[in-house]
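Paired with chain B in one complex and with chain C in the other, chain A is shared by the two complexes that follow.
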Partner chain A sequence: MDLVKWARIKSPWVLHLNTGGCNGCDIEVLAALMPRSDVERFGILLQGSPRHADLIVCQGPITKQMRDRVVRIYEQVPEPKFVMAIGSCACTAGVFQGCYNVLGGIDKAIPVDVYVPGCPPNPAAIVDGVMKLLTKLKES
Partner chain B sequence: MPKVTIPVGPQHPALKEPINFMVSVDGETIVDADMNLAYSHRGIEKLAESKTYLQNIYLVERICGICSHTHTTCFVQGVEELMGIEVPERGLYIRTLVAELERIHSHLLWTGVAGHEIGFDTLFMYTWRDRELALDLLEMITGNRVNYGINTIGGVRRNIKAGMKDQILKHIGKLEERVQYYTDMATTESTVLLRAEGVGHLPENEARKFCAVGPTARASNIPTDVRKEDPYAAYEELDFELITSDSCDILGRLIVRMQEMVESCKMARQLIENLPSGPIRAPMSREVPAGEVVSRYEAPRGECLYYVKSNGTFYPERLKVRASTYANWPAVVYSLKGYYIADIPLIIAAIDPCMSCTSRVAILDTKDGNERKVLDMDYLRTYGIKWYKEHGRGVRRR
Partner chain C sequence: MSEIVNILLAVLYLLVFPGFLFLFFYGLFCEYFDRKLYARMQNRVGPPLFQPFADFVKLLAKEDIIPEKADKGMFSIVPLFAFAGVLTAILYIPIWRTDAVLSFEGDLVVVLFLLTIPSFALFFAGWHSTNLFSQIGAVRTVTQLFGYEIPFFFACLAPALIMGTWSISGILSQTVIRPEVLILLILAFIIAVISLQAKLERVPFDAPEAETEIAGGSLVEYTGRRLAIFRLMFNIKMVICAALITALFLGGPVLFPAVPGPEFIGYLLGFVVFLLKTLFVVFLLTMMRTVFARVRIDQLLKFCYGWLIPLSIVQFLLLILVRSMGWFA
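Let's turn to the complex of A and B:
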């Protein structure tokens, strides 16, 4: 395993992005970073800038207004990049299917690597999703 | 290069309102503030017209992930009034219990975010840790941590089993202890006092003029609370105090929220101890008689308003939502004036708004003419913490 890959698996930096959701998943993602789950002990660190991130954690369906912005943020993340869709809305637009301003799940705008369904998923499920992605990376 | 902003904070008003503050400054002092509301919404109100009343409960629950119980209760209350359903006592008690626990979790969350804005991250971590206690209770009662799905037209969907009572009381005891700790901290901890005292002043007459609601109004000494004025659910039978503060600043808003949590713990205890027996919901038909209704509810952030119009079918003809954050924006614009750029994050955070909405602030320097800088919330927060470190607290404004 080369050094960069090793470092990436040991410490994935995360960008937290709300694309028009209800904030339910946002607070669960934040709760995963808080003392009880404390994912920082696995090296998972929240980043403010997409240019520093390895992994985009998306919540919420894609609204018409957010679409271009999401694509732009995705393009700013350096390669190799990964996307996680957190929550039913991010997977399939969930309860907002049929809203005139909603395009659908995150995969309508950018490619997604891991889907974590649930409304909202438990912090433990979110951590599990990250771990699944890391395992996939290790094997690749 | 356009600056990309990442939402840090959690609260979200009913419709997603990306808000843009145009702040004019003279050096460090804010001279004028203006805001633009543009809607990047999903179209929930329109979608509601094509779903049945029962389906709509689950839709409105997902308007906001933090006060999800607010929206469902406000909605079902209106529909129940249209249908003329009498909700059983036990159902109302469970509904109120979930509402009060939600208030505790929401206020704790806000305290953490406010702590984060002033650079007091220890407080952020502490409150979010203790917030898990409230979430555990909610999970025990409703089965979910965030979107509870407990309300239904005519009552609630899940009962409180006999064995759960002691566990709930034990948890509430723990919460009471922690909440008391934060109440003491808010009035003595110098890190908080330095940044919150005298900042974001909103006098009583101005708060009235701008129709502020919730803790923002109560901190300006306006005794307004739907739970007292127009009691719904089980509030009429509860013994609690309406908390106000006459300091009219951010410290006041902090203290009001802290003491409200103490009151909420008290109420939760009363609700569990006096839980009546009997059914938890009344039978309902799927058809709602024609008519229109306005329903009020005291959300953690203030008064939430629902308007439901029925035309006698399975589907509502019109659903209108006015969430509490929306009512508080004009007050924010007023309280920004005369303070420093370094105070912007805290003053905006003080009404407990949707942070993702307020991520963009444009600064207009009146001295240099029309120079415009777009700053994001993260930058402003760091700037504020640094500025106060350099200038100390001798500087007071207005």
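Let's turn to the complex of A and C:
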């Protein structure tokens, strides 16, 4: 395994982005970032700016209002970048399916690498989702 | 012949030890030490030893973006400028014996000046990114500068006052002769460590880069290798500031009492003592980061002007009294 790939796997910095969810998944993502699950041991750090991030953690369905903004934030993240969809809403629009202002899951706007279903998913499941993504990267 | 040897030696000093290579690894190690300690104090495991190195390599390999509206020249030159500034400062700080690689009467002021460059670099970086967040961060950086810089200068000049010399190596050799003077400087030491925390823009004085309000401050637009250089520069700055405080207040690489034996053993031991003392300063900084929460920028200024500066003046008066009475001479 070459050095760059190793470094990429060891240091995924995340950007936390709500695209229109009910805030339930946000709280679970924050809980996953708290000392209890200690994601820093995998090198995961929360970043404020999309420019610094490698991994966008999206929650909630894509609303019509949010679509352009999500695409713009996606484009602001430097390559290589990955996207995680957290929660049933982010996967399929969940309970908001069919609303007049909702387009659907995150993959309606930007490509998604990992889906973590649940309403909301357990913090452990979110961390597990990141680990699945890293394993996928390792094997690629 | 001796010309060439001198030049080679200078290159060695600049690029290998105590210059770039040593600072690179020690800076990354200090970041690891800081983060690990922070994690342990929060009762978690924390990052592995190679973590800062992995972050650095990853950032080097990422896409490099310059915003369309940004001033391209400034945007790319500023990180290198700051980096060069902090690297130069190490040459004046004693690392393995009482005198540094270079020293002259007044190098203390030069080092203090060189350590100010990163703050201005941060200001220019933020201002020329033409991002709203980064400009707010840039302005806060400079506002904060006016708060911490005065007590930091006062605290660092206190040893110069009592030892009667303006060179760091000179202060250190005076410390060897009369170590009991260090007791007088405890107040200055405390002020220096607190204002150093503000200088490094770490919690609780990290309003200029508050992630939750202004998304990372001045560096918002930086990506890839420029961000990597900035982060490395911050680590090295932490090391150098810790080394400066070690040299001024903690006796630098001097071991009390001195061990007999050949010279190089003394140097080696001195180096180990230096590492331990700088790690102690980093430990104090981490402690502060763990225990306190972020203060607002106006609270910081109030604290600096209301407490730190008066206290440093008290320290100055004490030292002047001691000097004029001829105690500790």
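Worth pointing out:
Convention: the second predicted complex is superposed on the first by the 140 of 140 C-alpha atoms of A that agree within 3 Å, B and C clash if a C-alpha of one lies under 4 Å from a C-alpha of the other, contacts with A are read in each partner's own complex, and residues count from 1 in each chain.
Operating definition for what follows: a contact is a pair of C-beta atoms (placed from the backbone, for glycine too) under 8 Å apart; a residue touches a chain by one contact, two chains touch by 3 or more.
Since the model is a prediction, treat every value here as computed from it, not as a measurement.
In the overlay built on the shared chain, the residue A:117 is in contact with neither chain B nor chain C. Of the two partner chains, chain C is the only one touched by A:6; chain B is not. By the touch criterion defined above, A:26 reaches chain B but does not reach chain C.
Looking at the shared chain after the overlay, A:104 reaches neither chain B nor chain C. Of the two partner chains placed by the overlay, only chain B lies in contact with A:63; chain C stays clear of it.
Contacts of A:17 after superposition: chain B is touched, whereas chain C is not reached. Of the two partner chains placed by the overlay, chain B and chain C both lie in contact with A:48. In the superposition on chain A, contact is made by A:35 with both chain B and chain C.
Judged by the document's definition of touching, chain A residues 35-36, 48-49 lie at the interface with chain B and also at the interface with chain C. For chain C in complex with chain A, the residues that touch the partner chain are 35, 39, 42-48, 50-51, 53-58, 61-65, 133, 211-212, 214-216, 219-224, 227.
Interface residues of chain B facing chain A in the complex, by the touch rule stated above, are 2, 4, 6-7, 10-12, 16, 18, 40-44, 46-47, 50, 58-59, 62-66, 68, 109, 125, 128-129, 132, 135, 145-147, 354, 356, 378.
The residues of chain A lying in touch with chain B in their complex are 15-18, 20-28, 30-31, 34-36, 48-50, 61, 63, 65-66, 69, 72-73, 76, 89, 94-96, 98-102, 119-120, 122. Partner chain C is touched in their complex by these residues of chain A: 3-4, 6-8, 10-11, 35-36, 38, 40-41, 43, 46-49, 51-52, 54, 78-80.
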